[in-house]
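Following are the structures in question.
Two complexes, one shared chain (chain A), two partners (chain B, chain C).
The block that comes next holds the complex of A and B.
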C-alpha cells in the first residue's frame, strides 16, 4: 500500500483517476493548483486506486494524503 | 631471515588489513576492501603511499586503519585518504588523524584534488587525549578541509558510517556520494538517541543514505554499489580542473542527442502547464554529458554539470514538472552551493528559467525562505564565471532575480519567444489590482472583464517589448539555442573578473 501525498500546499484542481482504476508507477493521480501553477502529483508505485481522500476544490497542506494505492 | 625478507613480510602483512573475519563481514554487506576500492578509483593503482608503516609496532593496527597517498584519475594526480574498516572499524587513532592531516597538507601544497573514502566508526575513545583536542587533533582535519574548500575539489565517497565528529568530513566536501544501505551520517547513533533523548529510531531513518540524499541534503548522490560510487567520482572529476587557478579541460565535443520532438514542440503554450525540463536540457547539451548533483533533493530545481561543445557548464534549471518549478528554501540552498562549486573552479554557468517565483505561505516563512533565498541570490550574484541566463517561459518576481536576471550581471540574458517576464503572472496580477472591482461586478460579467484585463497585462509584458527596451539581450529561436550558447561561451571565455574587494560579505547563512 502506498500513500500519494501533496508535495506542497494548494487546491485540488483535478482528480484524474477514479477509485478502482489500476495505475502505473509515475502516473498522475491528482493535479493540484498552487502558485497559479498546475502541479501534477503522481504515484510512486503501480497498483489499484483504493481510496481518494480529497475532492476537487479542497485545500491541502504539504504532506496531506490525497489517495491510497494498493 | 634477511632484512629484505623481513621488510617484504611486514609489507605483505600490512597490505592485508585487519582480521579475516572483518573482511568477510564487509563482503557480506557488499563492501570492498580499501585497497580494492583504490585500485578501482585510480587509472592504475595508488602511485605513492605515505605512512604505510604507521603504528606497525602494533600488528593489530595495520597502517593505523587508513590508507593515504596519491594516484591518477583521468591522468590527473589526486590525493586520497581511505579508511580501512577491517582495522578497528576504521576508527581514528593518533596516527590515523596525523596521516589524514598530512595528506591534506600535501593536497594543499601540490594544489591537487582531495578525495575522502570514508568508512569509519569515529574516534578511538581510548586514544582521545592523543587524537581529539590538540593542535594536530581531529579538529585540524576539518580546519584543513575548510581551508582547502574552493582551492581544490574535495570529494567524499561514503561507503559506511561517518559518525559524530567524523560526519563533518562529508559536510565540508564539495560533493558526497552515498552507497544506499551502507553509508550513513549522524552525530549521535540511534542507541545514543534512545539513551539521551528517549527517541526510538532506526539508523536508516535517522541518518541513512536515502534520507540524506532526499531530505537533509547532506548527501548529493545516491548510488546502489561502491563501484557505481567510484565511477561517479571519476566521471565527476573530469568536469573539473585540478585547482582554482586552472580552467577545466575540454573534451572532444559531441553532438546533441537526436530526438523526435524539437524544443519548440516540447514547451506548452499555457505558461501554467508543466513540462519536463530534463527533456529541454538534453536538447542543448552534448549527448550523455549530464552529471546530476542532488537529483533527489529539492527536485523542483535541477542542478548538474554538463558539456556544451566539449566544455564544462554548470546548469541550474527550474523543473516545472515538480512543485511547478516554484523555489523553496531547500531549492535555494541547493542552487547556492552548486553555484559556489562551479564558480570556485571556473565552470561557466547556465540558468534555465521557468519559474513562478518563491513559494509563499506560513510554512515557508517560518522556515526562513527569505534568508534561504538570499543565499541563492548572493552566490549567483558573486559568481564571476561566464554566466548566461535563458528565459525559457515565465520568470516571475524574485524568481527572475534568483535565476540570474539582467540586474545580476549575467554576460547575457536570452529569451525564447515563449518567455514571459513580470512581477507576477497575469492571473495573480489582475486579481491583485482589480480584486475589489471584480467583486463589485455582476457575476456574469466577471469572466469577460478578467479576460480583457489579463490580455492587456500580457500585452504590457510582451517579450518583444522587453527586447525593445534592451532588458533582454536577444530573442532566440528555441531550436537554435544550443548554437547561440556555443558561440557565446566561446566569446566569454576570456572573462576574468573579481566581484569586489573586501574581506568577505556578510550574508544570511
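The block that comes next holds the complex of A and C.
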C-alpha cells in the first residue's frame, strides 16, 4: 500500500483517476493548483486506487494524503 | 475630480497605487481577503475592508462585494491594478453604471483585446504586422493540421481567451498538435469558459519587446518607449528592462509609431501596452495588447522620470496629456527582476512562512513589495512577492548594481528564485544583451545540468 501525498499546499483542481482504477507508477492521480500553477501529483507505485481522500475544490496542506494505492 | 480611490487588487501593486495617491492627496480604500489581513498594503490605505475568504472568486473577483464597498466608503473611482478584474469589460461597465470611474480604457476595447482572435483582426485592419497564423478560431484538429502544414512547424497553439502565458503551447508535429488541441480546448473551456483555439507560427530567436502607451480622452496618444521582457520561465516574465539592448533607434521609432497608430485606430484611452515579438532581423509582430498597468511599468518610470499611475488618474479625470512625443527622452537604463516564491530550478511554487525578509537599500534601488519578515505566503495567489528595480547610467552599470542588490537580498523560510536571478545577471550572454525568449531554456537550465 502506498499513500499519495500533496507536496505543497494548494487546491485540488482535478482528480484524474477513479476508485478501483489500476494505475502505473508515475501516473498522475490528482492535479493541485497552487499559486496559479497546476501541480500534477503522481503515484510512486503501480496498483489499484483503493481510496480517494479528497474532492475537487478541497484545500490541502503539504503532506496531506490525497489517495491510497494498493 | 477623483477624490477617493478603491483599489480592487492586492499585494505590491495595491501598495504602489496607494503611494501615488498619498502623494497627490487622494484618499484610498483597500480591499483584502482573509489570507491578506497582514499584507502591508492593507494598513497603508486610509480605509480597508475585508471582502471575503481567500479564494479569488469569493474575494478579489467578487464584483458585487467590491462595488458595495466602493459605495459604502464613498469611493468615486476604482483602480483595478493588473490581473483579477483589470481586463474585465463587464466589471468596467458595472462601475460606470454605479457612477464610479473605472481607471482604464472603455469596456468595448478591453473586450476586443481580451479576445486574442479579435485583437489580431483589429491589428491587421490597423496595418500592424501580426504573427503569421489563423484569422479565425480553428474548428477541429484536422483543420489545425491543414493550417499547420501551410505555415510550417513549430507552431504556437493558443487559447483565444488566454493571455499572460496561460493557455499556450508550442507544438512541433501533427501528432503533438492533435494531442495538444484536444486537451487545451478542454482546459481553456474549464479555465476561461471559452475553448476557441488559434495557431501562430513560432518565431525563431524571438524577443519579447513591448511598447508602453498613454492615451487621453481627447485623441492624444504618446508612447513611453519599449521594455524588453524576453527572460521568461513558464511563458511568464522574470526580468524586464528598458531600453531594449537589441533594437536600433529606427526600429524603436517604427514600433512606437505602430503602437500609437494602433491605439488611435482602436480609440484607446488610458495606459496600455502593446506586446510584440521581434525576430533576429528586427521585424516585429503584434502579440497581444494589455489594457491595464503592467507589472513591469517601473522600468519605464525609471527611464522617463514619469509616474504612470499619476498619469492614469489624470487621464481618468478627463485631463489632456501635457506631454508630447518630442518631450520624451530615454535617460539611463533600468532593470526589474521579479522575486517569486518558488524553487529556482523546477519553478514549482513555495508557499510558506517567511522568517527573514531583508531587502537591499541604496541609491537607484527601488522595491515594490507585497510581504514582510514573519509573514505567511499563501498558495491562493500568484507567487510574486517582490520586484527589485535598479537604474544605472547605462546597461553595464545597471547590471552591476542589480547583482550587488541581489546579493544583499535575504529571504529565509521559503524558497525564492533569487539564486536563478543571480545566475542570469552574471551570465555572459545576458551581459551581452543576448536575450531571447529561449534564454532560460538555452542558457540557464542547460547550465544547471552541466554543473
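One rule holds for everything that comes next: the second predicted complex is superposed on the first by the 70 of 70 C-alpha atoms of A that agree within 3 Å, B and C clash if a C-alpha of one lies under 4 Å from a C-alpha of the other, contacts with A are read in each partner's own complex, and residues count from 1 in each chain.
Here is the rule we go by: a contact is a pair of C-beta atoms (placed from the backbone, for glycine too) under 8 Å apart; a residue touches a chain by one contact, two chains touch by 3 or more.
Just so we're clear, the structure is a prediction, and the values are computed from it rather than from any experiment.
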Chain C versus chain B on the shared chain A, clash or fit after superposition: clash
First (chain B), second (chain C), both or neither touched by A:35: both
First (chain B), second (chain C), both or neither touched by A:8: both
Chain A residues contacted in one complex by chain B, in the other by chain C: 8-9, 34-37, 39
Chain B residues within the chain A interface of the complex: 272-274, 320-326, 328, 356-357, 359-361, 363, 425, 427-428
Touch list for chain A against partner chain B, complex: 7-9, 34-40, 61-62
Chain C-touching residues of chain A, taken from the complex the two chains share: 8-11, 34-37, 39
Chain A contact footprint on chain C (complex, rising order): 55, 234, 341-342, 348-351, 378-383
